[in-house]
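Pasting the structures here.
Shared between the two complexes below is chain A, which has chain B as its partner in the first and chain C in the second.
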Partner chain A sequence: MIRKLRGAGGYAFLTIWTLFSLFPLYFMAVSATNTSQAVLSSRLLPGLELFNNAAKLFAAQNVGAAMLSSFAIAVGTTILALIVTSIAGYAFEVYHSRGKDVLMGVLLLAMMIPFAATMIPLFQMFAKIGMVNSLFAVIIPAISTPLLILLFRQSTRSFPSELVEAARMDGLGELAIFARIYVPTMRATFAAAGVITFLTAWNNFLWPRVILIKNDVQTMPMLISNLSAGYVTDYGVLMLAVLFASLPTMIVFFVLQRQFANGITGAIK
Partner chain B sequence: MDRRLNLTGWGFLLPAALLIVIVSFVPMIQAFILSLQTGRGTRLTFADPLWYNYQRLLGDEIFKQTLLNTFIYLIIQVPIMLVLAMILASLLNNPRLKWKGFWRTAIFLPAAVSLVSYSLVFRTMFANDGFVNDAIGIFGVEPVNWLGEPNTARFVLILGLLWRWTGYNMIFFLAGLQNIDSSTIEAARIDGANAWQTFWRVTVPQLRPIIVLTAIMSTNGTLQLFDESWNLTKGGPAYASMTMSHYLYEISFQRNPNFGYGAALSYVILILVAILAFIQLKVGDKRD
Partner chain C sequence: MKRITKIAVSAVALAMPVALVLSGCSSDGGNGGGGDNGDDNTLTVWAWDPNFNIYAMKEAEKIYQKDHPDFKLDIVETPWDDLQTKLTTLAQSQSFGELPDIFLTQNNAFQKNVINYPDLFSGLGDSGIDFSEFPKAVADYSTVDGVNYGVPFDSGTAIGAYRTDVLAEAGYTVADFTDITWDDFLTKAKDVLAKTGKPLLSGQAGSSDMIMMMLQSAGASLFDNDGNPTIADNAALEQAISTYTELVKSGVFVEVNSWDEYIGTFVNGSVAGTINGVWIVGSIQSAADQSGNWAVTNLPKLDGVPGATNYSANGGSSWAVSSNANVELAEDFLKSTFAGSTELYDTILPKAGAVANWIPAGGSSVYAQPSDFFGGQAIFADVVKFGASVPSNNTGVYYYEARDAVSAAITKIIGGADPKDALAEAQSTVEFAMG
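Coming up: the complex of A and B.
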């Protein structure tokens, strides 16, 4: 009986937290289909204003261009980050040496450097080489992070070294061993690293705001932030834009969540 | 190891290492030099005395306010969030739990939403004539000017942070729990410990490395809060909910940009992050 009650308490807690987690998302989705007045009078049922809101949003903002910029940034960052950090994490473990351990320790210190402390010189650096307003300037600082290198290095510990030895016997080159044997085996780690990078890159706000200073180049988070900064906010239109800005990352997470969880578990052992 | 393989290894990790040096270490040193300079825009000269910008921070009331706000968020939000994340993770780790996948997805989902997005959703829900005031009105509670009063504005920001990050941290605890030897928990149960005692005395100590990891990540993140301050409360009322990074952005990139003064503020953030991480590592390292 007591055990049953405790079980019920657990379910009650999970239910309350789940409702708290999902309600703002439901509110966002439902409000996107309602007029601004309906949102403010707390209408919690889907309305018929979706197309009206969309028409108003597309008339006021270049959503297509912002979506395209955000996709270019998120996909570009993810691909480059996976290539650069996976091979580094692999090298730290497979070609393990004293010097490399020292370097890893130094690189981990970079995790402690807040972005705020590098932002102004980074801006000056990109300004000097004429890359203000370029999407590359948004991508470059996000490619190599100590967290991803660490994730790959830790996960490589469970990668059997006999596979590397056997492949060398077969006459495979070192790069080929990495590309053809390591990469397919470590899918879960790549999924976890990919999800983290895509989400971070898509959602990044401060750095794009700093480096994209012309109004015609903006990302989705910048677009919705600008939309809410006007004197009169149309809440239905705003929530639709917020929905557009949130769907891609939610879909990526939904599709890859199992691999994501496995990848994190593999790295924390 | 063979010389050729050793060199191959260095070659493989070179791009990643170089990038980190160029985008983190070099700017960090430049920021320090910048913090000793004064002037507007690009016309900068070394300050006299050199530590002038730091001295100016000490007398800057807005800076003190944003420092206080950041610490309020840190001290209230991080411990509540980590305890909640740990409880949720241990509930989800129960092998007899039903609909596990559903709970996990629902609780993590907020972490997939951008900080700007959720800030604007919360801003809409907590608007004067918004949903939350309507909801409490049903119970006869007077409408609250959530974003217009210092303490309620900070409360809404903390609530938002809990919503966004608890599930994210839960994933790390869940991964840690799955690597704990379940026989230690069984043994405690056999010795007559109840669920609560088992949780605090057996599970939590084994989670120490994860607690240190999540505490450092959360502290680091809290000291750099920007998106919520900018979008959810706009730093207001006045400067009552503004974070240090928000103020840093105002100094550095708005109206009359002052890179030197901004860099000094950024160094204060850097030093605070370092000190707090050091303390957390020391406390986390202690053995019973």
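Coming up: the complex of A and C.
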């Protein structure tokens, strides 16, 4: 009986908590269908302004191009980052060399340098090689992060080394071992790393804002920033843009949710 | 094995469009933002509001095109905060090649940028622009060591805007709030609050906008003429802060947490007025259901402060010509439009509410046109008149730091700290920042 009550209390707590967490999302969706004045008056019911807001948004901003740029950056970064950091994390764990722990320590230390400190030299480098306004300039600095290398290294600890040895005896090359045995086994880790990278790349704001100068290479976060920069902000339109910008990240997260949870906890199939 | 093939196929499928987009964009990568685009008739411009300054630029482009048919503008929408980040990055990395020809700069931040990063700007001393045709207080924002670096664009002239229907409910008209002192204002506003339940003012907690407007209305600043901070022992500042504290404590001024909430207070009708730069009328007018119920007048003035007036300013911006510009073309363009075309101002005022700083435009009949939203008042003619009486304000390099320090002090004072102590602390914070 007590256990039942406790269970019910737990559910009630979780339900309330869920409502709290979902409210901003609900408000965002509802506000996208309301006028600016209604949003400011905190109207919580859906309105009839969705098409009006959409018309205004598409008239004011090139949403298609921004979505495409953001998508290109996020997907490009995710694919490259997964390749680079999984190989690095695998190598750090499977191969043995004297300096590897020192090297890992240096990598982790690099996590502590804030981006603002490296932005100006980075800009100088990209300006020198003529890559201002290039989406590659956004992708390249993001493809190797100490966090992902650490994530892959930690998960590789639970990857059975007997598998590698058996494969070597069967005459499989090192690259083939990585591609045919390691990658399929570590699916969950790849999913988790993929979600993290995609979200970070999609939401990245400061660096793209600085390095992408022209109008035709805007990303979604830059577009949202534009919408709220004027003297008069149309909050309905703004919320619709925010909704558009959040959809891809939501989809990616929901599709990979289960693997994400497994990957973070280090489970192996 | 099959699964790997599947993964590989989907990866390639995803990568294909990405590669296409990337290669498309990189082909013109490194072309820079500025005057190095190889086209002698195109100017690149950074500005931030499509309904306001970008709109004005596009109209200026049309006017200039009449005499220069090949002329073109490439306007890049960049919010001010991001624009400042870009300027800082370009200056510190010495990548001046990426600068546009013309960029808009907030008046409050103009001197700071010229003094810290002189290499970003081209002086407009030889441009032939007659800066005496702008109010001195406005041109001063973009003047450093006697050299003009900016063509003033929008006016930040401060207005008091009030709901006439709410005032009437309490037995007042807007005339009762014209040419008054802050003491009068407090008495009347408390009465309005008691009778209608509506406060007359609102603002962002921890923002110093209101204090700065009060200060400038008395021609006072946070710095003396040599650029030394004068936050402690500043009679005008103390009077402004005690007025502000009184406004907040009496409930006449509602403090909210964010800019969006501030706009919300008068758009949703819970607050019956506001005091800010004239650009705020755009937001006021977004409350279509309140049309006809608003009026605009001047500000209350500080009691017992020498030189106090009913006029002030908040915000406003000016066009700067970069060091990477096609200087001749940029100067001629600005001279023929923002500093020389009544036609331009006649177009942008009614559409965008952009009140001119260029004095010759003020006499235009467009300014005398009544506004239905403001009960038939010709608000812009009034605002131009207010603008001519705004006292100059000394900004300087550390103006933003000083404003932030004062904001922090206000928060403490509202929370009960001793004003003298809080301001002395603000003074030492600014002195520390100045090194």
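Note that in this section the second predicted complex is superposed on the first by the 249 of 269 C-alpha atoms of A that agree within 3 Å, B and C clash if a C-alpha of one lies under 4 Å from a C-alpha of the other, contacts with A are read in each partner's own complex, and residues count from 1 in each chain.
The definition used in the following text is that a residue touches a chain if its C-beta (ideal position, glycine included) is under 8 Å from a C-beta of that chain, and two chains touch if they have at least 3 such contacts.
Remember, predicted model here, so these are calculated numbers, not experimental data.
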| item | value |
| --- | --- |
| Room on chain A for both chain B and chain C (clash or fit) | clash |
| Touched partner set for A:Arg180, first chain B, second chain C, both or neither | second |
| Partner chain(s) touched by A:Leu40 [first = chain B, second = chain C, both, neither] | both |
| Chain A: partner with more touched residues, chain B or chain C | B |
| Which of chain B and chain C A:Phe51 touches, first, second, both or neither | neither |
| Touched partner set for A:Val242, first chain B, second chain C, both or neither | first |
| Chain B versus chain C as contact partner of A:Ala137, first or second or both or neither | second |
| A:Phe27 touches, of chain B and chain C: first, second, both or neither? | first |
| First, second, both or neither for A:Met119, with chain B first and chain C second | both |
| Which of chain B and chain C A:Ile149 touches, first, second, both or neither | first |
| Partner chain in contact with A:Asn226 - chain B first, chain C second, else both or neither | second |
| Clash with chain B, by chain C stretch, listed 256-264, 310-318, 346-354 or 364-372 | 256-264 |
| Doubly contacted chain A residues - partners chain C and chain B | 40-42, 119-121, 124, 206, 209-210, 225, 228, 235 |
| Of chain C, residues touching chain A in the complex | 1, 3-4, 7, 11, 14-15, 17-18, 21-22, 25-26, 28-33, 48-52, 74-82, 85-86, 89-90, 92-95, 97-98, 260, 263-264, 267-268, 279-280, 282-283, 286-289 |
| Touching residues on chain B, where the partner in the complex is chain A | 1, 5-6, 8-10, 12-13, 15-17, 19-20, 23-28, 30-31, 34, 84, 87-88, 91-92, 94, 96-97, 103-118, 120-125, 127, 129-131, 134-135, 163, 166-167, 171-172, 174-176, 178-179, 195, 210, 220, 223-224, 226-227, 230-231, 244-245, 248-249, 252-253, 259, 262-263, 266-267, 269-270, 273-274, 277 |
| Residues of chain A touching chain B in the complex | 6-7, 10, 13-14, 17-18, 20-22, 24-25, 27-28, 31, 39-42, 84-85, 87-88, 90-92, 94-97, 100, 103, 107, 110-122, 124-125, 140-141, 143-146, 149, 174, 178, 199, 202-203, 205-206, 209-210, 220-221, 224-225, 228, 235, 238-239, 242, 245-246, 249-250, 252-254, 257, 261, 264-265, 267-269 |
| Of chain A, residues touching chain C in the complex | 36-37, 40-42, 60, 68-69, 71-72, 75-76, 79, 119-121, 123-124, 127, 129-137, 139, 179-180, 183-184, 206, 209-210, 213-217, 222, 225-226, 228-235 |
